Every structure is written in C-alpha cells, then in structure tokens.
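Each of the next two complexes has subunit A plus one other chain: subunit B in the first, subunit C in the second.
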Partner chain A sequence: MIWQLDLAILTLVVIAAIGAITIKDLLGAAILFGSYSFMMCLLWSIMGAVDVAFTEASVGAGVSTVFFVAAVFRTSRRTKD
Partner chain B sequence: MSDLVSTIIANYNYWIYITLMMIGLYAMIAKNNLVKKIVGMNIFQTAIILFYVSIGAKRGATIPILEHAHNGHGHGAASHMVHAVDYINPLPHVLMLTAIVVAVATLGVALALAIRVYNRYNTLEEDEILAQIREK
Partner chain C sequence: MKIIGLIIAVLTGILLIYATVDFPPWADPGSPASTYLSPHYIEKTMEETSVPNIVTAVLADYRGFDTMFETTVIFAAGVACFFILRTFKRKEPEEIFYRHTLTGMTIRVKNSGKVRQDLDEFERIDAMWTPHYLIVKTVARLLVPFIQLFGLYVIAHGHHSPGGGFQGGVILGASIILLAISHDMRTALGRMREKTTALLCTTGVLIYAGAGALCLLLGLNFLDYGALASILYTDPVTARSHGILIVEIGVGLAVMSAMIWIYSNVSSGGKYDEGL
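Let's look at the complex of A and B:
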C-alpha cells in the first residue's frame, strides 16, 4: 500500500462526493457518482482487495450508473439544490 | 499531546472515511431532491465498505492468493509453509462483497420508488410533494 497514492485518490474521492451532491443537474450527479465509484474501485485495488475492486467496477460503477441514468431519463433532470 | 497528534495523522484514512460518511448522511437528511438523497445513501454505504476493507489491509503483504499452490510436484502441499503475515486478511473482503450486492439492490428499489413518486406527483422535490399531499 503506497500512502501517497492512497491520500491523493482519497482526496479525489471526497471531491467527487461533494460534487455529486452539490451539482444542479441530476444527470451530472449520476456521472459524478460513476466517477466516484471508479475511484473507489482504484482505492480498493491499492488496498489489495482485488475481488471487491472488480465487483465494484462492474456492479457499483457500471450497473449503478446505468440505473441512475435510466431513472433520470424517466423523470426529470432539474433539481433545486 | 504530540503523540495524540501523531496518532491522528497516522490514521488519516479513518478521518477521511468519517468525512465521506458525514457527506452521505448530510445529503440524506438535508437535500431536497429524491435522487440526491439516493446518491447520499450510496456514498454512505461505500464509506462503510471502505472502512471495513481498510481494516483488513496491512503493510508489506500481498493479495490473498497462495503462491506455488500448484507446482506440479504432486502432494507437496505440506512442504510449503503458509505464513499468514504475508497475506492480506480476506475475511472483510468477502463480507463487503455481499454488502456491494445488497447496495445495488437497495439502489434499484429506491430508484423504482422514486419513479413511482414522480409519476404520481410529477415532481422529485420533497417540499413540493409534501405540499401536494397537504392540499388533499
């Protein structure tokens, strides 16, 4: 485990999380959440949890983002906060 | 005092996990949009999974796959000692694998409920939904 890489990716993860809940567009929130999940998967492969990492890459980042985009297209993109 | 500060700095990752957890909790409580609340719930879940996986991680260890398990010398498994120190503890990984699958199932149900709410009230904002319920 390389702690410099760990700290850098943790900072990016926090930025992506804050961006995902503050952006004023639900499709943008879905895409930022997908990037958050991919960086989380990178973090887990740094920690040596390769099985968790590829499950997160396929299920967390792939299927979750598809679900979010499908839900946003069935409802509306607008949000007030 | 200085060893307290050095303990805090040495466990920097736990502080960042708690920050992530609080971001998710804030989004679930304070955000007005239903999809934003669901994003917050997912951030909270991933922060907890991250915390558990980091408990199993250790320095100077490799991924939990046995080296030389099949070296073609027949039943020579007893000749290779397996040192548990050299491998990352895989028990939290297996537990959290289940948690990821549960998280995506929860997300599917939550988004389906949000779509039903939108079809009925024609909005995703919580205050507008509550106002429409009060009017009836």
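Let's look at the complex of A and C:
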C-alpha cells in the first residue's frame, strides 16, 4: 500500500462526499456521488477486497448513477432547500 | 431545523468514531474473526468446495442464505418500482415527434395522429430528449455484445477470479440500459420486453430458492449443495462447486432484469413509451 496514494484518494472521497450533499444542482450531485463511489472502489482495491471493489464499480459508480440521472431527468434538476 | 439536523449528524459521527476505538486494529491476527472463522475458510475452502476464489465460496455457499435474501431485496426493489411507477392506462401522447431521416427535419403530429408505419424515412423521437448522434449510437450498438460477453464471463468465471452473479448481472443489465440511453426507450424494449424482464427477475430468485429447496428434498440442509451430488453424478465436493454456479446464474438473472426493470420504470415515468 502506498500511503501517498491512499491519502490522495481519501481526500478526494471526502471532497466528493461533501460536494454531493452541498451542491444545489441535483445532476451534479449524482455525478459527484458516482465519483465518490469510484474513489471508494479504488480504496477497496487498495485494501485488497477486489470482489467488493468490483461490486462498487459496477453497482455504485455505474448503475446507481444512471438511476439518479434518470430520476433527475423525470423530476427537477434543482433542489428546493 | 437545519442546525438541529447538523448537531445530530455531528453527534452521531463523533459517537461512531468513538465506537471504532473498540474495534480490533486493522489486520490484527488476534481479533475474534481471525482466530477461528477466517482460518477455517482460508484453509478448508479448497478441499470442501473446490472453489479457488474464497470470497465466492463464502458468499454463495457458507453464507448462501444471506445472499439469497440479498437477491430477494433486489427483486423487491424492482417490484416496488414497478408497483409505484407503472401506469397501465393507455394514453396516447398528444404530440408525437418524428424525424425525417434524409433531411434531419423534425415534424410534429398533433391530436394523436400518426405517420404511416411503413414509411422508412420517418423515425419517432422523444419529445423531451432529441439528440441525434450517429457516432454515439453506432459505437454503443457495437459495444453491447462485447459488454454482454464480459458479463457472462464475470458470472461464469466467478469461481476463479473476482466477480460473480451480482457484478455480472449488473454488467448485463447495463448493456441494455446503454442501448436505452444511446438510442431510446423503445429500441431497448424491442430487444427486451417488459414481460420478459419481469419473468426473468422472478426466475432468477426461483432458481436460487429452488436449488436450496432441492437440497432440502434430497435429504440435506437448505442450500447445502453437497446434496446435489446424486443428481449431478459427481462427488459432493464438486457438487458444491456446481451448486455455486447454479446459484450465481440465478443471482445474475435476477439482478440483470431488476436493473433493467427499475431503469425503464424510473426513466419513462412508468409509461414505457418515451424515456431517457
């Protein structure tokens, strides 16, 4: 495990997570959530849990982002609060 | 209200971080999980199930009951989306848009009129989403068979490499979703009808639960695949490996069709006509 890489990815995870809950644009939040999932996938593979990383990449970063985008497409793009 | 929520979130976070102090350190060989359970899996998986990938063996065999209900949860999510969103009242849209493929002109037909179906020059387009990218369409259509082949590989090769029913099923479902995104909803539905999707979803869960019930009928515990040895004509160890494959196929079918089902319900608002 390279700790510099680990630290960089962890920082990106935190930034993506905070960005996803603060941003007003819901489409942007969906994309940020996808990038959060992808960073988590990298973290899982760093920790050696390749199966979990694979699931995270396919379900978290792939399909759930598409679901969010589809839901935003059908509802509204900006939050009310 | 916002401040109260923030305080609650921060307090919960502090509590959770405080609770991690009690956890055993990362990769501690003396932790309860590593003293008897993990060594058993690491040492005995190969001779008990003949599956090189321990994670697959634990997921589908040792913890098979758990995975069965994970599949059921995915199935329930698909069914819930169907019941909440699907509208059965057939209401033709008031305006239908067509694109003249030779000139790229868009025409609008009002009051539920229709362009003659036998004319090739007009293709129907969505009212809300009308891009027309030939390169995106062609590349996506060319990619779909390779994605599906990879999905099948992930399901079938889960014994030896990372992967399995969940990942393979999601990849298979994503290939149809890619078709729906790059073309339109109707193209994807032409490849895979709603009835097929629903039937495959239930079939997947049925294969999993049926494999378990078959073991019960053959005289062993629920989901103890060693019982399948007598009908597969193998020894119990190989039968457990084959049982894992059967179960993974069930999971793959259920997850694939649940993903397509949820996507088509959400993106078309339950109308199955126009969608992302």
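Basically, the second predicted complex is superposed on the first by the 79 of 81 C-alpha atoms of A that agree within 3 Å, B and C clash if a C-alpha of one lies under 4 Å from a C-alpha of the other, contacts with A are read in each partner's own complex, and residues count from 1 in each chain.
The rule we apply is simple: a contact is a pair of C-beta atoms (placed from the backbone, for glycine too) under 8 Å apart; a residue touches a chain by one contact, two chains touch by 3 or more.
Everything quoted here is computed from the prediction, not taken from an experiment.
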*Of subunit C and subunit B, partner touching more subunit A residues*: B
*Can A:S76 be said to touch subunit B (first), subunit C (second), both, or neither?*
first
*Check the residue A:V50 against both partner chains and state whether it touches subunit B (first), subunit C (second), both, or neither.*
both
*Classify the contacts of A:V63 with the two partner chains as first (subunit B alone), second (subunit C alone), both, or neither.*
both
_First (subunit B), second (subunit C), both or neither touched by A:L26_ = first
*Regarding the shared-chain residue A:I15, is it in contact with subunit B (first), subunit C (second), both, or neither?*
neither
_Overlap of subunit C and subunit B interfaces on subunit A (superposed complexes)_ = 50-51, 55, 59, 63, 67, 70-71, 74
*Name, in rising order, each residue of subunit C that touches subunit A in their complex.*
53, 55-56, 59, 128-129, 154, 162-164, 166-167, 170-171, 173-174, 177, 181, 259, 262-263, 266-267, 269, 275-276
*Report the residues of subunit A in contact with subunit C in the complex, numbered from low to high.*
50-51, 53-55, 58-59, 62-63, 66-67, 69-71, 73-74
*In the complex formed with subunit B, which residues of subunit A make contact?*
1, 6-7, 10-11, 13-14, 17-18, 20-21, 26, 29-30, 33, 36-37, 40, 43-44, 47-52, 55-56, 59-60, 63-64, 67-68, 70-72, 74-76, 79-81
*Which of the residues in subunit B end up touching subunit A in this complex?*
12-13, 16, 19-20, 23-24, 26-27, 31-33, 35-36, 39-40, 42-43, 46, 49-50, 53-54, 56-57, 59, 61-64, 88, 92-94, 96-97, 100-101, 103-104, 107-108, 111, 114-115, 118, 123-125
